[in-house]
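Look for subunit A in each of the two complexes below; its partner is subunit B in the first and subunit C in the second.
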Partner chain A sequence: MNAVWPIATVVVKELYRRKDFYVLFVLTALITLLMGSVTFFHDDRIARYLKELCLLLIWVSTLVIAITATARQLPAEREQRTILPLLAKPVSRGEVVVGKFLGCWLACGVALVVFYLFFGVVSATREHAWPLTNYFQALWLQWCMLAIVVAMSLAGSLVFAAPSSNATIVFLVASAILLVGRHLNTVALTLPEPAQTLVYALYFALPHLELFDLRDLLVHDWAPIAWWAWAAATLYALAYTWVFLLVAWLSFRRRPLV
Partner chain B sequence: MDPILNIDNLRVEYRNRELGQGVTVALADLSLRVNAGEVFGFLGPNGAGKTTTIQVLLGFVQPTRGSAQLFGVDVREPTARQRLGYLPELTYYYKFLSAEELLRFYARLFRLARGEAERRIDAILKLVELESARRRPIKTYSKGMQQRVGLAQALINNPDLLILDEPTSGLDPLGRMKVREIIDRLRGEGKTVFFSSHELGEVETACDRVAILHQGQLKVVGPVAALVREHQASLEQVFLRMIGYPPTPTPA
Partner chain C sequence: MPSPYLVLVFLLTVCVSLATWLQPHYLAWGGSRTGDGGLLATLLGESRRLFAAQFFFKADAYFHSGFYPTIFDNQIVEKELHMSEESEAARTPRPPEAEARTTQWSPGEDYGFLGSPKDWLDRFSRNFFPSRHTHLEQKSEAREILPWLRLSTWLDPHRVESYTVAAFWLRTRLGRPELAAQLLHEGWRANPDSYEILLALGRIDEENRHDPVRAHNLYALALRKWHRQQDGNAEPDLYTYRELLGHLVLVDEKQGDWAEAVQYLTLLKKISPNPAAIQRQIDEARAKLTPAPGPAPGPP
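Let's turn to the complex of A and B:
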């Protein structure tokens, strides 16, 4: 696994040298800054609503960054044939998959830290409070959620032919899980067999990305979650990330490169 | 003496997806050995199976049957490529990196110590005459410069075996001269060079031994001088005979 870190650093370099990445990055930071600093009639509810919007924007932007950046990694390597000199070195395909994952995940992490810094600074100037534990838990679990999404996109990039179709499908799946994932079990109860079993199976098989959403902690200044729950969510993300990386490796390991 | 490159009964078949069935045999039971210190020419017309052989040696393509080893290690193992340098036919490099960054990246993949890597980067960039452009992104390079980056990356680990896939086909005159210089230098250092080429004059002067491949089958292998003597002809004429040219007229 010695090649993983050099591959990851090249991925990070590529992402931070791309113009489209900066457009989204700067735009989100700017909107967060603007929305977070606006005060309407000194009404707490409006301020909370704006905070909620800022965090939603951060969630959507990081999802878009994670999916679009990851979806093109392996297809671009194969299309531009940069994979040939890379795999002519003492590098295994497993190392390429893990290196690409790590690079994209780290780049998402850096973007996430910057977004939360903007948000935190703006909130702190108005509320004169800096709930560090809340920020840490929210940021960490969002980053864990992005690990699953990045691994899913990487696996998808080996299944679907075009990066754009992969990105669209992964974005729709992730959004669907975030919006309706938690309700699938109640939906299952209303269905006849065998649809009930199928929806139940789906409920238990899907990675529940909504578990990582701690935005309410920051919006409503709630107390941090229990550390055991935080650790369990981290392990849950680790397990799903590992499964998706395994799928990616199994799909990539014997695939002809040319 | 153990061969550095060993191919045993290698067979590669591709399924014809467009036709729904049937297979194309890209390599038919190829066996070949290349010894340490040899400059070995791998010849054949387009579609003969030269690039497929190289792709199997580099682990890009899985053989249908047979085996191949580099330095006694199965080519499917990444460690088989630790002492290998590879120059592809065309330039395929990360264009957002500079030549220096690209070479540093590849040096890290070979696990070269930082000091040694920097020394080798300096020496190789000097050799391929890219010193003045070392910090510019590769996307700003001319085609000839990009091809010299290819040469540089193939030499970053001071390889014991250099595999060159048609190394002079797309090169500018400076690049061609550099390839010839590098082959001569490696020969002087006792390194092994395995290259496929269409430039028969170049092969005749540079190679100790050649193999001629046609339609996936090995037609002949041996020292250049012995082949020329045996057939009483130039290497080009030997090559044409081996691939069945001119074709024998069919009786009316």
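Let's turn to the complex of A and C:
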């Protein structure tokens, strides 16, 4: 696995040389600061609406960064034929998949830290508090969620023809899970058989990305979540990440390179 | 060939003449949006009312610290949102343990609209979002619902409830009755027939400015407007009617106008769920109305 780290560092360097992150960060900062400049009833301590908006922008931005950065990794290597000299070295296809995943995931982590630092500063200017445990839990779980999304995009880049279609499909699937994933069981119970069993099976099979969304708890200043729940969610993310990486590896293993 | 400057001046003259002729037509045209309420109305059209309603519900979600049903959850059919109820009725103190915040599920807990967990994943997922019913209790937290209510008034200036609820929170929790009065005056300009706004303005004069005369005038005007709009309705707004009569009785008592207080109490008795108590109040007021017999004049 010595080859994994050099591949991952190349991916991280590629991300910070591209403009995606900077553009999204500046947009997030601009919109948040613009909304922060609006005062309601001459009260400059109102914070929650601003926190909610900022976190929404962070979620959208990091999802876009993760999906677009990952979706083009393997197709670009094949298109530019750089995959051939890469695999001519003592590097297995599994190491390429893991290296690409690790690079994208680490790059997302760096982006997340910058975004949360900004969020923390904005929040502290209004609330004069640094709930570091809450921030850490929210950041970590969002990073875990991004691990699933990155692995899903990597698997998708070997299944779908073009990076654009892969990115669109993964973005739609992730958004759908985030919006309705939690409610699929409720919907299933209202359906007749066999649709009920099918939808319930889908509910259990889907990676529940909404589990990692602590935005409401953060916005409304709830207490940190229980550490056992945090650890269990981390394991849950790890399991789904490996499932998608396995799918990617199985798909990449016998695929012709050109 | 005439001079190009001359042509230019001629064209400019034609433009100004046309503009002066068209402007009154445009202003009189029914499709003109110049008087509809500015940029938001032009951009969003009628959909702004939907957004205003959405923001009003968002304020209620903030009032519950994020614990709020989605379209998939069991919708508890309530006539009033809790946030509005608090603004209208005297609040019943809740036991402090009911407000203790925890995101961790525990057996025997009140699940509210969520119902009991349907499966292990549902039970587990409740650790990651607000899953306990709480209300904003601290004064400093109450301000958090205000941006959504303000946005609601901007988007739909005819949504009276947004003004009255925002004014209640400004007046009672944040101790800013003057700002509340400003907001209500803005709402009154947009809704000149609203008796609810007049009632809220009257309460500021009565309870914060301690001006019972002005409060009485506002309540009396509100009562006239109430009768104009609600008389003949199959389901009149009796809640506000009761409130208005109750406050009129209070300010009459403060001013010592017992005769008028008896009149309002008589009206209140007809719709009160507890007419016996109102009758006792009427008797007390009548006793004050009749001058007590003075000491017998002594011999000169």
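FYI, the second predicted complex is superposed on the first by the 241 of 258 C-alpha atoms of A that agree within 3 Å, B and C clash if a C-alpha of one lies under 4 Å from a C-alpha of the other, contacts with A are read in each partner's own complex, and residues count from 1 in each chain.
By our rule, a contact is a pair of C-beta atoms (placed from the backbone, for glycine too) under 8 Å apart; a residue touches a chain by one contact, two chains touch by 3 or more.
Since the model is a prediction, treat every value here as computed from it, not as a measurement.
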item: Joint occupancy of subunit A by subunit B and subunit C, clash or fit; value: fit
item: Contacts of A:226 with subunit B and subunit C, given as first, second, both or neither; value: second
item: Partner chain(s) touched by A:185 [first = subunit B, second = subunit C, both, neither]; value: second
item: Subunit C, subunit A and subunit B - angle at the middle CA centre, rounded to the nearest 10 degrees; value: 160
item: Comparing the two partners subunit B and subunit C, which touches a greater set of residues in subunit A; value: C
item: First (subunit B), second (subunit C), both or neither touched by A:14; value: first
item: Subunit B and subunit C, minimum CA distance [Å, superposed model]; value: 41
item: Complex interface listing, subunit C residues touching subunit A; value: 62, 65-66, 70, 72-73, 101-104, 118-119, 121-122, 124-125, 127-130, 140, 143-144, 146-148, 150, 170, 174, 176, 179, 183
item: Contact footprint of subunit B on subunit A as seen in their complex; value: 2-3, 5-6, 9-10, 13-14, 17-18, 80-92, 95, 254, 256-258
item: Residues on subunit A engaged by subunit C in the complex (per definition of touch); value: 40-43, 45-49, 141, 180, 182-183, 185-187, 189, 203-204, 208, 210-214, 216-217, 219-223, 225-226, 229, 232-233
item: Partner subunit A, residues of subunit B touching it in the complex; value: 55, 58-62, 78-82, 84, 86, 88, 90, 92-94, 96-97, 101, 105-106, 108-111, 150, 153
